[in-house]
Amino acid sequence: MTWIQKDLRLKPRKRGFHLITNEVLSAIPEIRDMKIGLLNIFIRHTSASLTINENADPDVRIDMESYFSHSVPENSSFYTHTIEGPDDMPAHIKASVIGPSLNIPVRNGSLHLGTWQGIYMNEHRNYGGMRELVLTLTGEKNER
Amino acid sequence: MTWIQKDLRLKPRKRGFHLITNEVLSAIPEIRDMKIGLLNIFIRHTSASLTINENADPDVRIDMESYFSHSVPENSSFYTHTIEGPDDMPAHIKASVIGPSLNIPVRNGSLHLGTWQGIYMNEHRNYGGMRELVLTLTGEKNER
Amino acid sequence: MTWIQKDLRLKPRKRGFHLITNEVLSAIPEIRDMKIGLLNIFIRHTSASLTINENADPDVRIDMESYFSHSVPENSSFYTHTIEGPDDMPAHIKASVIGPSLNIPVRNGSLHLGTWQGIYMNEHRNYGGMRELVLTLTGEKNER
């Protein structure tokens, strides 16, 4: 039984949906030693989020940003939490629609993702700054 | 290796988004003994949900309710499941958009949330009644 | 401490929301041996999703499909990822709104779901084909 917890600080990114699979894998190489397990990825912020989506065509990430910014508009008349700017309350809403964490199965030393799945960090603020993730890996190690 | 599971019954709350971080922490003080772990929080209902969002300004919770009640309107012409009232089908939809569970890293005796993160229980019915949560804590204890 | 991981291949289903609780339980009967634990269910695709919702009235599943197809329309003018058909980009968006995984508490040999909760697999493509799930069960076994 293994428990490993790592911090991953992501450099500031522009508003939008960003593929971070390789950064996650580099931050927790101990995945390679696991036979069966789970990786929890948690973002410690309320205006950014994590999801899994298509890892190939970058147009998917562009369309995700377009859709969510359309469906959660800025400057809705009913917003009252507006002092941090027009992108703030929509960012909080998107964070709850998409969610703050992922739980991905680990098998035989790899994340057991589908062929087309990649890990996204979604920056919902115009200038969100550095984002902190926590990676928690638990499971059974390979016998050697 | 520790496994602890607790029930947390939340008193009836009005429709809206409610901060419950302190109730969760009080219900499972064993978090204090953990070095590395995960806390799973699960709501046993289909018309309420759990999320993590801003823990400071109560206006965020008001705007969350306004947004979701706007984006998932009552009385849409295409609803067929209407016998339990106009707030019922929208409550089911919101429950699936936001989700029924959270998985939060534990570190050195605390939930390793970001500074501004709090745990929300979101009541999507007008009169939802008592809500049952299940708290499942697993991880490695501190050595003493 | 037990770790079990199973594959569950779901036969092709039509676009919509489908109750799969019994298929999940049949695929991982080891749940019956567990005293306390968690079941992670993960879908290895980017245009289908998993959620928990009402297990009784099939109208809820029909209305879920109507709502999500209304709120994430096909042929939005801002989509650029369109070569795989008009149902493709909306399917990716719905997958991120609803999410790719579930984490359900296990207690005394059963999934500790609420009375009205069932597990849904949501097919967001018109012809999605077979869908692969990964079931990861971890926890403490009953003493015998």
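The first chain written gets the first letter, and so on, giving A, B and C; residue counts start at 1 in each chain.
Keep this in mind: a residue touches a chain if its C-beta (ideal position, glycine included) is under 8 Å from a C-beta of that chain, and two chains touch if they have at least 3 such contacts.
Note that this is a predicted model, so its numbers are computed, not measured.
The touch graph of the protein chains shown is complete.
At the interface between chain A and chain B, two copies of one sequence, fewer than half of the residue numbers in use are shared by both copies.
Averaged Cα coordinates give chain A a centre that lies 19 Å from the centre of chain B.
Residue positions 1, 71, 97, 99, 103, 138 of chain A each touch two or more of the other chains. The touching residues of chain C, counted against chain B in their complex, run 1, 36-38, 51-54, 57, 59-60, 62-64, 66-67, 70-71, 97-99, 102-105, 107, 112-117, 120, 138-140. Touching chain A in their complex are the following residues of chain C: 1, 3-5, 40, 42-46, 71-72, 76, 78-81, 89, 92-93, 95-97, 99-101, 103, 132, 134, 136, 138.
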